[in-house]
Each structure stands twice: as structure tokens, then as C-alpha cells.
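Before anything else, here is the set of structures, which you'll find just below.
Note that chain A is present in both complexes that follow, paired respectively with chain B and with chain C.
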Partner chain A sequence: MELTIQELTKRYKDKTAVDNVSLTLTPGVWGLLGANGAGKTTLMRMVAGILTPTSGKVQYDGVEIKTLGEAYRDVFGYLPQVFGFYPEFTVADYLQYMAALKGLPKKETDTKIDELLHTLTLADVRNKHIRKLSGGMQRRVGIAQALLNDPDILILDEPTSGLDPGERIRFRNIISEFAQQRIVLISTHIVSDVEYIANRNTIMKDGQIIAVGTTDELVKKMDGKVWQSTIPAEQLHHYERSVRVVTVRNEEGGNVLVRYVSESQSLPDSQIAVPRLEDLYLWLFRSEEAVKEDAE
Partner chain B sequence: MNKKLRSKLQAALKDQPALQISEEHLIQTMQEARIAYQNRRHRERIRYSVFLLRQVRFVSAPVWPLHGLLLMCAFWLFGFAGIGGFSNFAPRHLPVLLGCFGVFIAMTSIPFVGRSMQYKMLETEMATRISIPKLLLARIFIIGIGNTLLLMVSFLLASTKAELGTGSIALYLLLPYLIACCGCLFIQAHAHNGQQGFVCTAFCFSLAALLFVLYKTAPVVYEQASASIWGALCAVCAVILITGIYRLLDKAASLDLSPNGI
Partner chain C sequence: MKRMIALELKRVAKTRSTWMIAMGALLLSVIMALLVTSFARHWNIDENGMDVRLTGRDAIQANQEMLKPIEGGLTPEKIQAAFATYHEVYEIYGAKIEDIPKEVYYQKIAPINPILNGVREVYVDKSTGIPIPLYEISPEEAANFYEQRTERLDSYLSYEYKDSPDVVRQALAMNEKVKAPFYYVYGVGSSDTSDYLTFCIFLLVMLCTVIAAPIFSADYQTGADDILRCTKHGRWRLAVVKLLSAILLTTGIFAICVTAFILISYAVFGWDSLKTTFQLAFSAISFVPLTVGEANKLIVFCGLLTFLATICFTLFLSTKFTNPITVLGLALGGCLLPTILLLAGSGANIENWIRLCLPSGGIGLKNSFFYELVDFNFLSLGSMKIWTPYIIPVAAGIESVLFFILAVRSYSRHEAA
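Entry: the complex of A and B
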């Protein structure tokens, strides 16, 4: 099973949202990281077949998805960034409605809905109106609908927005389990969502893919660029202007432990730290801002 | 096999020069193809009639209660008008009442056709097996059943008044209904996302007000002599409505999403 994105471009009047992106997705969890406006949603919509590219194509096992049509949508699960629902719908109504649109036979539908409600711990609210649920629960209902047809390809756009830490962990476990022999593409700007579950990560910036690889491969690029230093708290403001700070932790004696990314040691008594995906993300996405700030 | 895929494969094969096919490879390919076919994802065809039936409860849930309310109004306005205080009210005002009623039937149902956009469901619906035109067609069909029933009941009840000819009753009811439907469909296609419902309601109230003003200021419009004009307008509106529905479905077939979402 293979989903091939070939030189995909989406251009609007004055903006190129996705610029000549090529990528081959194989079974496993793929993390699509990028800042807001990087082109993640546009790319996902084109992969979902609901947005026509300006140029390029998406192929599923060598056949263009446009040609496959309904057959592609049959193997496909999609959770959009904005979760919509009709106000009169209960959780069960919503899933029944989506099952009908996905062409699930009536007999299978009830069993599948029960199973998903149980997995996503929504069984208690199955007859509640969706509008009365919390944002996190609504998101889980969205995830449930994406899984209804047992898809081979699962595309989730910002699936964890609104989920609390416990729900995030549960979500990661469900996806990890689900991704066996399936392609799961998760778009997010929350690095920790994909750091531990994604087999491979793709980083997007200004409509282009700037890095692809496993978490370890990507993180390796940051070797020797992540530092830690303990400095007096009152000096933090001064150093924040010159280095890209990842985290700050208060220590005893009015000191702070600063983790930062830099080509070389920039703070006194700095020690090399073990890099994480978050460091790379900050390295790639703050450089532009830093240049802008310097220019100002 | 998918028709498009078949023709694409045929075209690709035609472009290939004649190949020497090895018997052994052919058998191997056939075996692989058989295995792939057996392991394929079993996909049941969606029968439209079954899909339509399954949609009834979802489409009718918000619309049919409103239809029920209108049905009660129809009985109150046209059915029981001979009882008590309404005896001198309904027959005299029947033409304008029928017109306004036709408008309200359209107002309480047509905006529901395009509610996917309003409630941000379109993106999710587009990524499912059933196509958006088929979904819209199901909605139009189910809503149409309710509307037809209401129009027929109103017509039959009003016919019992007997002061107006049945043809006139049909025209007084149908023309405003068709104009309202055309207007609402036009608004659905052109108004900004999320504003369709409001604009449709405003349009229908304005239309009802216009009918009332015409009745007060130019009663000649409702006279028997104008029936032929009403009939001609009805035919024109029916054509516009059918064309509008066709264009709506056609537009939905090539639907694309904007960069800023829906």
C-alpha cells in the first residue's frame, strides 16, 4: 500500500499554499508538522481529494485518486480541522448519519458504532446532543466518524486540538494500534502529538516540505545545537533577545535553567543537551522570526 | 472495474508497442491478480433507494416539525374558517393568504437543502463515498415530499371554500411558492457562508409583504382576468426552479474548498 504525492501545487490568486510537494506515504503513522499557514490543511485536503490541485497528482497504489473516485473514498477516513455537526444531532445520530454517507450496511453500522464509542470512551454520551459536549469530546466524536469505515488511509487534521493530556495519550495509543498496515497522516503544530507515535515526520514551511525522516533522523540534525544553562533569573530577559529559548525552568536560589538552540554556546557555563523534535521545530520555525526581529 | 480506470488502462495498453509475452510470466501475473482480487476490500454498492430511506430521519428531523406546524396553520386558516369568528375572514382574503402560505412553505424548507455549509459539515461529507450531488438530491426529494403534501392539503382545504375556482387556488398557492423557492435557491448559491438562512428568511418575509401590499393597492392582480398571467409566470418559475436545481447539482459535482475553510 502506497500513497504517492507527486509535485503537488496549489496556487491561489496571490498565494502559493502548497508548492511542488512530493512525498511517498507508506503504512505507519506520519506526522505532518508545520506552523499555522504552512500549507498543511491545503495539502491534506488535496490528499483527501476534496481540493483540486493547481498541478501535480496524488496516486493510491499507482492509480490517481481522481480516477479511483468512490473506491478511494471507501478506503479513506478524514477528520477536518474544523469539526462541524448539525445542531439536532446526538452522538449516535451523527455517527449513524456518517455511516450512511460512507455506505456502511445497516447491520454493521450499529456494531461498529458501539465498538468505537467504547474505544473512544463516548458510550456514556451516545444519546447526548453534540452541541452540549466539551470541545475534547466533540473532537473524539470526529475521530470516531473518521474510523467508522475502518479506513486504510486515515487523514487527521489537528486531531488533538481541545483534548486534555489524558485524552491525548489515549488518542496516541488508539492511533498507534490502528496504524498497523495502514497509512495514518496526522497534521499538527503540537510536536509532542507525533514525537512518540509517528514512524516518520514531515515538516512543512511556506508550502514546501523542508524535512522528512524518522524522529531520530530529524533530531540528529540538532546534535550539538541544543544547550542547557543555569543563569540568574534577572538575566533571562537579556539572553532571550540573543538566543532561541526552548524552555525555562525555575530553580532554587533565584536561578533559571534555560534550554536553548544555537549553533554555538551562547550562555555562560552551557552544556550540550539531548535534542528533541521540539528543538528542531523551534530551530526551523523561529529562524525566520528572529531575522524579522533583527531587521526591526 | 471503474469505467474511467478501464478506459485509462486500455489507452495505456494501446500506446505500448507489441510485446513478447512469456507464458510463465502471464500465469504468474494471473495468479498475483487473483490473490489481489481475493484480498480486495469488499465494498457493497450503495443502492440509492436504501441511502434515500436512511436519509429520511436525518433530513426530516429539522424540517418536518416545521411542516407539521404549517399543516396545523393550513387547517386553521383554510379548514376551520367556517367556524365561529373566522367565517368572514378567510374566504375574502383567501388569495393573499394562499400566496403567503406558499411562501412560508418554501421558507421553512428550502434553506435546509444547503445546510452543510452553514454547519461546516461539507468538508466531512465530501470525503465520504456518497457524492454531494446525490446527498443534495436526497434532501431535495425528502423536503419535496413534505412540501408537496402541504401544498396539496392547503389546496384541498381551500377548494372547499368554493368561491374561487380550483385553478385559481392552485395558481395563488403555486406562483408565490415557486418564486420563493427560486429566490431561496439563488440565495443559497450566492450569499456568504452562514448568512443564507437569514437572507432567505428576509427574502421570504419581503415577498409575503409584497403580496399583501399588492392585494391592498392593486387588487386587480388577484382578479380572474390576471389568471393567465399567473399561469404563465408559474410555468416560467417552474422552469427556472428546475434549471436552478440542475445547476446546483452540477456545481456541487465539481465543488472545491476555499483556502480559508468553510
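Entry: the complex of A and C
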């Protein structure tokens, strides 16, 4: 099973959202990282077949998805960034509706819905109107609909936005389990969501893919560039201007432990730290506003 | 497909606005039917010589009682007898109503008024086209009503369509199918039921347009469509399901509301009155070979076709725009366009073609299938002349199918910005 993105470009009047992207997705979880406006959503919408590329193509097992049409959508699951739902529907009604659209036999539908509601801890709200649910619960309903047809290809655009930490951990576990022999592409700002479950990560910037690899491969690029140093708290403001600070932790005696990324040691008494994916993300997007987990 | 339609119907039917509109439409239909019956009037004097003024059901019952003697086939003998009565009164009191004592008027003239009105329309001065005063028409001449009527129709159309002998030929051919003697029963044909039925259909079209407008566009706006169109059946099949469900639901509302209107108005005016000849209800020289009941059936049928064409047009617009308010504005504008064209236009042939061929060409405030049926309008198509009531259902039928197909195509190919 292989999903091939070939020289995909999406150009609008005054902007190229996706610029000549090529990528081959194989079974496993793929993390798609990038800042706002990097082109992640546009790329996903083209892979989902709801946006026509300006040039390039997407192939599933060697056949263009446009040619596959219904057969492609039959093995496809998608949760867009904005989860639009029918306000008049309860959770169960909505999933019934989606199951019919996905061509699930009526007999299997109830069992599948029960199973998903249980897995996503939505069983208690099955008869509640979706509009009355919290943002996190609505998001989980969105994930449930994407999983209804046991898709071979699952595309999730910012699936964890609005989920609390517990829900995010549960989500990661569900996806890890689900991804066996399936292609799962998850876009997110939240690096930790994909750091431990993604087999491979793709990083997008300005419509282009700037890095692809396993978490270990990508993190390796940061060897010797991640530092930590304990400095007096009052000096933090001064150093923040010259280095890219990843985290700051208060220490005893009015000091702070600063973790930062830099080509060379920039703070006094710095020590090399073990790099993480988040460090790479910050390194690659040093000129942009990075949305950190803390900000979520 | 059935399962999908059932679920989509459930979804749309569960929407609060749909329920509110459906209930509003039903209430409106009932009110309009009651209004029509409330307009009935009956004037008379009682045994003590006091004025009696009745309205609504009482007036209808009194009129039914008063006009019973002329009910049934309007034979030449019956017309002659009515004119003999008229001349009796005329000889004594003259032609002016105000000179006739009330009791005489209510006893002698009012019960034959439907006959006098018919004759008044048929007997005109051939050189001026002005109706001949009734007192100049002898009972024997009045008995010649049916021959005179055909002659009048011929001369009227020959004058109106000087250069189109084909129009006269078509009309007279149709006129041969008009059954004589005419049949008369006081009731539906004596009221504004057909006008209000037309207006009721117009309002139903407008209200159901509100239901149809967001069917696709709201999904675009909320982003729900992004998920739907990624599913196995999320393209043309979903489009067909959404279209069929919207059509089924709105047609259901149409059927219930029109049935409510008809049941109430017919029950009050009397089902027998549906047998009244079209000519005695609307125009004595009309060449339409129908009864009032048949004409109303046609009004409903063509109203339904126009309704379907407008709903399909609205659904097509809904597949094109991402804002339901834009769709609603355009659809309602489209509903009013034929009326605007009629009122503001020059009446040119092409203008009338456009007006009648628009999806909502069969309904409106001043334009409708009913008004075309009552009128004597023919439009040119090359050398041919086509009677306007033929154009509306044909155009609406074609447009229903056309906009259905276009909507499926448009939705399947839709792409979000």
C-alpha cells in the first residue's frame, strides 16, 4: 500500500500554497509538521480529493485518485481542521448518517458505532446534540466519523486541537493501534502529539517539504545544537533576544534552567542536551511564530 | 439509496426552521381558505322590509338558496326565461338599479344575475366592441346566446390577432370542445377561490425556497461538506439524495397545504359547484373547455410543476454559492422576477417568453398560470402562435429536470476555495 504525491502544486492568485511537493506515504503514522500557513491543510485537502491541484498528482497504489474516485473514498477517512457537523443531529444520528454515506451495511453500522463511541469515550453522550458538546468531545465525534469505515488511509488535520491532555494521550494510543497496515497522516502544531507515535515525520515550510524522516533521523540533525544552561532569572530577557529558547524552568535561588537551540554555545556554562523533535521544529521555524504545546 | 434518503429526510425534517416554515405554511393556507369564504356577501331584505347583510358561510348558504332556480344546465330556454323576467322589471322600473325597488331587485334580478352577466359579455356592438344594453336584447335574441358567443369569440380574436389567423383557428378548434349548454351551480366559481389558490401556491413556493436554499450552501459554509464529499457516496449520489429529499419534503408540505386550502374552501362553497362551466365563472367568451373543478386541478398541477422548477432552481443555486443568504436572496428574487417583468416590461413577445419560461413563471402576484388560462394570450415562435398556458407547464417540466441534473453536476464538481 502506497500513497504517492507527485510534484503537487496549488497556486492561488497571489500565493503558492503548496509548491512542487513530492512524498511517498507508506503504512504507519506520518506526522505533518509546520507553522500556520505552511501549506499543510492545502496539501491534505488535495490528498483528500476535495481540492484540485494546479499541477501534479496523487496516486494510490499507482492509480491516480481521481481515476479511482469512489473506490479511493471507500478506503479513505478524513477529519478536516474545521469539523463541520449538522447541529440538528445527535452524535448517534450523525454517525448513522456518515455510515450510510460511507456505504457501511446497516447491520454492521450499529456495532461499529457502539465500538467507536466506547473507544472514544462518547457512549454517554450518544443521544446528545453535537452542538451541545464541548470542543474536545466534538473533535472526538469528528475522529469517530473518520474511523467509521476502517479506512486504509486516514488523514487528520489538527485532530488534537481542543483535546485535554488525557484525551490527547488516549488519542495517540488509539491511532498507534489503528495504524497497523494503514497510512495515517496527522498534521499538527503540537509536536509531542506525533513525536512518540509517528513512524515518520514531514516538515513543511512555505508550501515546500523541508525535511522528511523518522523522529530519530530528524532529531539527529540537531545533535550539537541543543543546549541547556542555568542563568539568573533577570538575565533571561537579555538572552532571549540572541538565542531561540525552547523551554524555561524555574530553579532554586532565583535561577532558571534554559533550554535553547543554537549553532554554538551562546549562554555561559551551557551543556549539550539530548535533542527532541520540538527542538528541530523550533530550529526550522526560528523566524516564525511557533505554537508550542504550552500555548494550546 | 433509500437509507440515505431516509436519513437525509430525517436530518432536514429535524431542523427547527423547517418545522416552523412547514407549520407557518399550513397555517397560512388555512387562513387563506377561510379568508376566501369570509369574502362571500349576500344582500336581501327581510319580511319586515329591513336590509339583511350576510357574510361568510351564512352568505354562501343564502346565495346557494337564492340561485337554486338557475342551477344546472343553462339552456337557451332558461336564458330566454331569465330575459323575459328582466324585461318585465325593465318595462316597469327602467334599466337603472337604483330605480328598481329593493324587494323587486332581490326577488327578480339577483337570482338571474349570473345569466345577465354572461349575456352582457357576449352581446356587444360589432363596430365599437361596447356591450349592448341588456334592455336592447330581446328574450328571443338572448336565447341565441351560444351561437352569439362563438361569433363574439371569433370577432374578438380576429381583432386582437389581426395578422394571425392561426390564433383564431386554434381558439375556435378548442372552443368546439366547450360543452353547451353551460352548467351552473353557485359556489367555488362565484368566489375568488382560484385567485387565492394561485396566491397560496405562490406563498408556498416562497416559503419552501427558504427550506431549499441552505441544503448545499450551508454545508459549504460550515465545512460539513468537506467531510461528506470524502465519503464513498459523497459526490453525485449524495447530491441526488439531497435533491430528492428536499424535493420530497417540500412537495409534501405543498401537498398538505394545498389539500388543506382546497378541502376547506370546497367544503364551504360546496363540491357540486365544481361542475360549473369555466365560462360562467371567469369569462363567457373563453375558449377553455373546462369546468371550475378541472381548471383548479390544472392550476394545482401547473403550480406543482412551477413549484418543482423553482425548488430545483434554488437547489442548483445552493450548489453554487457558499452563503445560504445569497442563495435565498437570488432565489426569492427569481420568484418575483416574472411579476417584475410583467409590471415593468413593455409587453414585447420576447419579454413574455422570458417571463413565462422562468422557473417561477407560473406563479406570481400578477402573473400566473391561472391568469394566462383566463386570458387570451398567444406568443409567437417563428411563424407559429402558441397559447401561453401551454408554455408554463412545458417550461417548468423541462427546467425541473434540467436544474436537477445541473445541481447534481455542480455539486459533484464543487470545490471549496
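Here, the second predicted complex is superposed on the first by the 286 of 296 C-alpha atoms of A that agree within 3 Å, B and C clash if a C-alpha of one lies under 4 Å from a C-alpha of the other, contacts with A are read in each partner's own complex, and residues count from 1 in each chain.
Throughout what follows, a residue touches a chain if its C-beta (ideal position, glycine included) is under 8 Å from a C-beta of that chain, and two chains touch if they have at least 3 such contacts.
Computed from a prediction, not measured in an experiment: that's the story for all the values here.
Engineer: Label the relationship between chain B and chain C on chain A in the superposed model as either fit or clash.
Structural biologist: clash
Engineer: Looking only at contacts as defined up top, I'd like to know whether chain B or chain C touches more of chain A.
Structural biologist: For chain A, the partner with the higher number of touched residues is B.
Engineer: Given the touch rule stated above, what does A:152 touch, chain B (first), chain C (second), both, or neither?
Structural biologist: So A:152 only meets chain B here.
Engineer: Have a look at where A:278 lands relative to chain B and chain C in the superposition and call it first, second, both or neither.
Structural biologist: Neither partner.
Engineer: Report for A:167: first if it touches chain B alone, second if chain C alone, otherwise both or neither.
Structural biologist: The answer is neither, since A:167 touches no partner chain.
Engineer: Which partner does A:68 reach: the first (chain B), the second (chain C), both, or neither?
Structural biologist: First partner only.
Engineer: In the superposed arrangement, does A:17 touch chain B (first), chain C (second), both or neither?
Structural biologist: In the superposed model, A:17 contacts chain B only, not chain C.
Engineer: What is the shared patch of chain A, the residues that chain B and chain C both contact?
Structural biologist: Touching chain B in the first complex and chain C in the second, residues 45, 48-52, 69-70, 73-74, 76, 78-80, 82-86, 88, 93, 96-98, 100-103, 106, 142, 145, 149 of chain A appear in both lists.
Engineer: Considering only the defined contacts, which chain A positions touch chain C in the complex?
Structural biologist: Touch residues, chain A against chain C: 45, 48-52, 69-70, 73-74, 76-80, 82-86, 88-89, 93, 96-98, 100-103, 106, 142, 145-146, 149.
Engineer: Taking the complex as given, what residues does chain A use to touch chain B?
Structural biologist: Against chain B, chain A makes touches at 12, 15, 17, 41-42, 45, 48-52, 63, 67-71, 73-76, 78-88, 93, 96-98, 100-103, 105-106, 142, 145, 149, 152.
Engineer: Please name which positions on chain C make contact with chain A in the complex.
Structural biologist: Touching chain A from chain C are residues 3-4, 7-8, 10-11, 14-16, 219, 222-235, 238, 415-416.
Engineer: Of all residues in chain B, which touch chain A in the complex?
Structural biologist: Interface residues on the chain B side: 2, 4-5, 8, 41, 43-44, 46, 51, 54-55, 58, 61-62, 115, 119-131, 135, 255-257, 259, 261-262.
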